[in-house]
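Worksheet: the structure to be examined is printed underneath.
For clarity, chains are labelled A, B, C, D and E in written order, and residue numbers in each chain start from 1.
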Amino acid sequence: MTVGSQSLIVRLLRHPSGLVGLLLIALAVGMALGAGFFFPAGPWTMAGPPRLWPGQNAAFLLGTDSLGRDLAAGLFHGSRVSLAVGASAAVVSILIGTVVGSLSGYYGGWLDDVLMRLTDAMQTIPSFLSAIAIVGIVGPSLPTIIFAIAIVSWPMIARLVRAEFLRLRTYDFVQSCRIIGMSDMRIIFTQILPNCLAPIIVASSVLVATAIIVEASLSFLGLGDPNAMSWGTILGNGRAALRTAWYMTAIPATALVLTVLALNLVGDALNDVLNPRLKERS
Amino acid sequence: MTPAPAAPLLQVNDLSIRYGKGVPLVEQLNFTVRRGETVGLVGESGCGKSLTALAVMGLLAENLRTSSGSIELEGTNLTALGQNALRGYRGNRMAMIFQEPLTALNPVMTVGAQVVEVLRAHRRMGRAEAERRAIELLEQVRIPDAAERFHDYPHRLSGGMRQRVVIAIAIACNPALLIADEPTTALDVTVQAQILQLLKSLQRDADLGLLLITHDLGVVRQVADRIVVMYAGSVVEEGAVDAVLDNPQHPYTAGLLAARPHGSFSAQGHRLADIRGAVPPPESRPGGCLFEPRCAHAQADCKAARPPRSAAGQDRSVRCYHPVGKPN
Amino acid sequence: MKKQLFQLDRRTFMAGLATSVALPGAIGLSAGSAFAEAQTPKRGGTLTTVAWPGTTYMNAAITTSGPESFLSPKFFDGLLGYDFGMVEKPALATEWSIAEDGKRVTFKLRPGVKWHDGEAFTSKDVAFTFMEVLKVHHGRGRSLFADLQAVETPDDLTAVFVLGKPAPAMLKALDGRESPILPAHIYAGTNIMENPANTKPIGTGAFRLASYERGASVVMERNPDYWDEGKPYLDRIILQYIPDASTRTAMLEAGQADIVFLNFLPALDTLRLAAMPDFELVEAGYETSASNQQMDFNLEREIFKDARVRHAIAHAIDRQWIVDNVWHGFGVAGASPLHHDQRAFYTTEGVPQYALDLAKAEALLDEAGHPRGANGVRFELTIDPTPYGDESLTAAEYIREQFRQIGIQLNIRTQDYAVFIKRCWTDRDFDLCLYTAAMGADPTIGVQRFYWSKNFKPGVAFSNGSSYSNPEVDALLEASQVELDPDKRREQFAKFQQIAMTDLPTLPVVHTTRATIGWQKVKDHTVDALGSLGNLANCWIDG
Amino acid sequence: MTPVLQTNDLKVHHKTPRGMLRAVDGVSIEVAPGETLGLVGESGCGKSTLARCIVGISRPTEGSLALGGVVQQGRRAERFDRARAVQMVFQDPSGSLNPRLSVGRIIEEPLMVHRIGSRMERRKRVEEIAGQVGLAPYHLARYPHELSGGQRQRVSIARALTLEPGLLVCDEAVSALDVSVQAQVLNLFLDLQQRLGLAYLFISHDLAVVRYIAHRIAVMYLGRIVEVGPAEAVWSRRNHPYTRALVDAIPDEMTRQDQANLLEGDVPSPVNPPSGCAFRTRCPHARARCAEDVPLLRDRGGGLLVACHFAEEIEAGHEAADRAPVALRVVSGGT
Amino acid sequence: MPRYVLRRLSQAVLVMLLVVIGSFFLVKMAPGDLVDVLAGNSDMTADQMASLRVRYGLDQPVLVQLFIYMSRLVMLDFGYSPLNAAPVLDVIMGRWPVTAILVVSSVVISMTVGTVLGVISARNAGNPIDLSISILMLVLYATPSFVIAICFILFFSVFLGAMPIAGFATVGTQATGFAYAWDVVKHLAMPVAALCTFYVAIYGRIGRASMLEVLKLDYVRTARAKGLPERRVIYVHALRNALLPLVTMAGLQVSALVGGAVLIETIFGLPGMGRTAFDAVFERDTNLLLGVLFISSLSVVVVNFVIDLLYMALDPRVELA
């Protein structure tokens, strides 16, 4: 559990799926960071002739979309939005989920009952439906989309954290903290939570991946933010030209699939490397 | 109490077990179990006693292997057999009882089904016949209302009852060799006594060879005929139970006996004779005598090389350059 | 592209036609089945088509929404039909005449017509439909028939419309789509909106309802007792509701649908299929549903009160680019508040046009007192594109880019339909809104509502959203409502078009054209101005 | 002297779906300063629940609990004082230490919570305590998983000692250790008691360990104390049939004995305990009266209290047979 | 048993109550209402809109509307769907079976296929078979269902011309009995498969991990010690226990599938609950949206209850406590 002599990154890089995953993610993050440098005009500029196939014109390596926008620029700038949506939605849902799960798991009793029924209710309403309803009703903008994804994702984290708390709170080291007079909040934050970090980190990689897919699905249904170019936006835009210019769909779809794949690979590797259970007993 | 000498039922010769290609966990192990005899295999956690049992059963985890030596059961070398052939022996000619009776039973199958299963795996039996026999077996291990318990799931039974079921499974096919790995450690002391008594009587009735693995010298004294003491993957001393426990020759055996709390401090005012330090992990075992770093009697030669196995009387051996206790 | 060449042709062609009422059947716009060499129709067969969204009712007398417009004419007839160029032709009425003063219109009804349930069709049904249903429940009917005071029924086969003042536009709105005739014996005395017959139609039309799976499909079967003897040719029409446009393409391509009307495929797919030998593209037959994509300036916003700003914006938007890249050629660059299918009135003569000219746009903005700020931005605006279809959003994205070049920062705001309607016409919380709206069979029906100051009615969707008010325009529009002389009406509308394009409260972006794409084997689906919005009684399948 | 621990008719009941679970059902015990009270009983008898109740992890349903003469009200504000009065050492030496904290930090934690001393002072104190329990300074930088079981238990003890409590509750504190290590830890407990005047409530299922370390022994069965008294008196007089059965069941490495009088069956469920004497269902001496009257603890002389209707009879019946070998064993064990 | 049922039931009622209240307020958060949409379609006057609002009760304060809605709900009255010109219950009853069949068959198929793949993978842990299955599952996991759906249509229907693309059955079909069933199977094959892929991957991965974990447990060792054939050890002893986390997953999957069905129903033109909800959002058909949310949540609750029972049947340790 404890990070030993090697740093986490080094251990991830030694793990085959960790290595592949990290490389792919580094690529995506690199695209996000480099977007402004490589394509300073932004993704919206109608820079060239519409529907230019990849390779047809050296200035537009990946071709252009129906409005003559450079797909490469879209892909780079899109990675910003897609990754940002994924990461922020994950952060928000982890925050909510962790608070709910910790309180529920630590205190139990009526608080647990109330919070778990709330969690049940959230999980009972089909989550993608709620996301659609929220985005549809509040209006599609990035904050709304992030909020909608987070609001339907936190129950999973809450359950995970709660289960970890239920498991960990019976551990004697937690009891001993209570015996030395430690306050509940201090126990939750300094004793139990650090020990649930591993499963949360593993889950968060999946969460980011899921959020990216959900955002793309929303865009596919026409519920993307029209002022933010994400991979989902390009996918949605390219759809009408699927049969005439399939590259418009294939390029963002590939980016999407590879990123999600990479996040899952890293998640698997983290799972192995972090070894989230207390396994020291011989 | 001493059994008549008989042909060895189980003979373990120079057995070593390694983790992959790494250091040996168990080294050069030799011991025998005769028909109708109970051998107590004793040692502290990590000494390799459970590994030895699993090696005999052919149940070592995939990353562990027996790197040398042989295990002969009724004259057949088990290490030379393939898994399929070995399967015919397991549960049939040799059987095993595990430490944790709850986890040793499949939680989602009735106890009856788990007994029936082993019968049908090794005996040509119809379902009805197997069920009848299973109930008999449950009765034999003194489970009250056996016919009803037959349909219960393991979690409905107490720890002692579960261990009886595990025993019933083990003896179902009348094995020649029964290996019991810490069969009573997880049980309360009153239940432990019941189980030990049961094992003893079953062993006596069926003329079983019983290999009893335990860390509790008291249990060995009560049940076993011979004792094999292991330390850090090796046998350090073996012999008849009474002889070894009354007159231990290896400092480790003696230390174990002395460390056991006895009497009353408040009344007698004595400290326990502890053994300093801890058991070394396999990768940092000393080159000389394994016990040397902890031994109060260690001398210079102990560091040099592993002491050989030396006979110390009839049926008794010890691995020590400087045995303690009364010479035989 | 072949397609664009053709459209240029058509524009010049139509300019030539502007003064004459179109010749029946003479507008051969494409190699459509309407003009293929005469073949003997074969009877039988099932026509499968796809559409979206699903329908609420099957009766277009109580709603103006799209799905009903397509469905209703199959079950219900109107008094009249229209040949190409919106020339009246008989349907349930065999003859019609207008009194001198234009205040009485007499219809002779077709004898022997039976409702699907066997009851006889009479003038009572006509009177009931107009007075009790269309005047009350039909969105456009309410204003169109506002001056219809009574329908007299001297006998079973005569209906006399009594009008408060002349209504020349009315005669263009009597087809089965716009004004379907309902059976009085089913509807009279009931709550019309909740009458079960709204989804179990009993009409006089060519087809009867065979089955209906709500939201999924409608199956229509041949009405054996149809008055137009021998018709319809088809045994059944199956309409499947398919939400996804690409799926609709796939179905047509895989032969799981025979034909797709009303631009229900992505434009690029339509063009791709049209280039294949087995398919045929027809662009005729949508005259009653001619639509413009247009952009309202909210004239209540201070910045738009200055016409130079509006003109500058018009100069910044290349409408032909939008036609080519957003509509993929299915349309004509916006040049007038009217639609070019309103041939009798449409003109560009003397109508100011705003060619793409970014420099001029910038100059106008400078002149209007909106210099570029430190960051190059003059001011910020928001555009609300209608959430139906992709074209509004895509066009908005283009406009955003154009605006960036002249120093206007444009934010696109998307929302669902309810919010869009509420924002633009109720709350009036918008700068620019971009939508596509029907211009109607006659400008009085479809165009006037956007420019008439008396139709500035917050809360009413697709009313005068820019809050435009020009007494001269009001006078012209009001005069044309009652003008019986076609030439005078034409002049009134010509003047209107000139003023409207000068004031530019609303920028016409694209005059859209609609298309039907189907397998070659489907014949005669578009034989008049109503096309697929008619009854498809002439349609047949070859082979 | 004021007892460091005094409970009076303490009860801990839990609601379960099957009914009220009477884990602790009226326990009155006392521990004097510097004294070791051994508490024995089979699993499920309520000894751990009692321990948790004493250290404040769970609350008593009824009865009173006084630590160092101060009656505990169960308020949150009491927790600092309680922590200074009583600490606990747990069974599982790996689960009782936070795997993410260094040994030094674990030992320091109580001082930090109680805001005792400056950083440097705390460090010094930690090293001092670590030395007391036999840990070297270099151990303080290690993490729990890098230590052996015995060392981990030393860390647990060190942590319990930092607040200098008068009483340590040791719940099966040596049960998970190997015999050789167990001896080391038991010796440590004895040393600490002598040096610091600590009192222990020493809970174990292992009667031999308890007899060795305790001044007095209490035997618990189904939530109640059935026998309590000086260690040797309880061990050798065995006035309660349950105590007798426990002692008889210990397999002794020194002699081979015939286990003739074994208890039958298992401990009944504490949800539906038998009427009258809870032990009667397994008791070889049970009679009609046992089903009706709940036996109360009675003074049997010599500080021995026994809850059995027939204690006199049982002691008399076995006196002759039992005394001799017990005495012998004590002598021979003293090597 | 009754005690357990009672407790679960009260939990379920509470959950449903939260669902109703939550979805009601969500829907009411929306700017614009049904009447705005109707007005957009029918050129209404402000007066007409006002009177429509009175008719649909939209003029009342939100809490009053909630109270009215809930009191009607008790009598299973979901109100009227103006969009469909029919009572909400009628609409839902027409659409529910589509989604139910879609979801149930997806759960069953993905669980079966996923488990089989997971077990094969676990038994071959570390070798090329395991590796290729793991890679396949990763790809299935990472590919959004709508991408897969589109590929299916292009390949099986357009390219091969083999599969019907849209609908639940051939429209206007006269087929009955087996022929009808086969027709439905053909229509649902692609949607179900597209809906399954993600979950095949999930089950496969969980199944593999769970199997590997179970194979390490003591009772599997006991089973081996009994000398049972390996097949029996795997499929009788290990599998049944390894299934438990998969069954738990199925409970969550049902809810997610109903949501995921939106995309699949959209692409395959299936008139199901998901698409209905989607349209209801955009047409502000509040009653319909609430009804769909309610019924789909209720279905999820019921299915979860059934899954709990199934879990209990699989795992006797879960007592009725």
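Simple rule for what comes next: contacts are C-beta pairs under 8 Å (C-beta built on N, C-alpha and C of every residue); 3 or more make two chains touch, one makes a residue touch a chain.
Everything numeric here is computed off the predicted structure, so don't read it as measured data.
A.B. asks: Looking at the contacts, which chains touch subunit A and subunit C alike?
C.D. replies: Output, common partners of subunit A and subunit C: E.
A.B. asks: Greatest Cα-centroid separation from subunit D: which chain?
C.D. replies: Computed centres place C farthest from subunit D.
A.B. asks: Using the touch rule from the top, work out which pair, B-E or B-D, shares more C-beta pairs.
C.D. replies: Answer by contact count: B-D.
A.B. asks: Once you find the CA centre of subunit B and the CA centre of subunit E, what distance in Å lies between them?
C.D. replies: From the centre of subunit B to the centre of subunit E is 53 Å.
A.B. asks: Roughly how far is subunit B from subunit D, centre to centre by C-alpha average, rounded to an integer in Å?
C.D. replies: Distance between chain centres, rounded to whole Å: 31 Å.
A.B. asks: CA centre of subunit C versus CA centre of subunit E: separation in Å?
C.D. replies: Taking the mean C-alpha position of each chain, the two centres sit 40 Å apart.
A.B. asks: By residue number and range, which residues of subunit A touch two or more other chains?
C.D. replies: Where subunit A meets two or more other chains at a single residue, that happens at 136-137, 242.
A.B. asks: If you look at subunit C, which of its residues touch at least two other chains?
C.D. replies: In subunit C, 246, 387, 416, 419 touch at least two other chains.
A.B. asks: Where in subunit E do residues touch two or more other chains at once?
C.D. replies: 30, 150, 266, 281-282
A.B. asks: In their shared complex, at which residues does subunit E touch subunit B?
C.D. replies: 217-219, 221-230, 232, 236-237, 240-241, 314-317
A.B. asks: Under the stated contact criterion, what part of subunit E meets subunit C in this complex?
C.D. replies: Within the complex, subunit E touches subunit C at residues 30-34, 36-37, 39-46, 49, 82-86, 90-91, 94-95, 150, 153-154, 157-158, 161, 164-168, 171-172, 265-271, 275-276, 279, 281-284.
A.B. asks: Show which residues of subunit C lie in contact with subunit E when the two form their complex.
C.D. replies: These residues of subunit C touch subunit E: 46, 48, 50, 53-54, 56-57, 63-65, 138-140, 142-143, 194, 198-199, 210-211, 213-217, 219, 236, 238, 240-244, 246-247, 250-251, 253-256, 387, 416-423, 426, 449, 457-463.
A.B. asks: Report the residues of subunit A in contact with subunit D in the complex, numbered from low to high.
C.D. replies: 1-2, 171-173, 175-183, 186, 191, 194-195, 278, 280-281
A.B. asks: Within their complex, state which residues of subunit A touch subunit E.
C.D. replies: 117-118, 120-121, 123-134, 136-138, 209, 213, 216-217, 220-221, 242, 249, 253, 256-258, 260-261, 264-265
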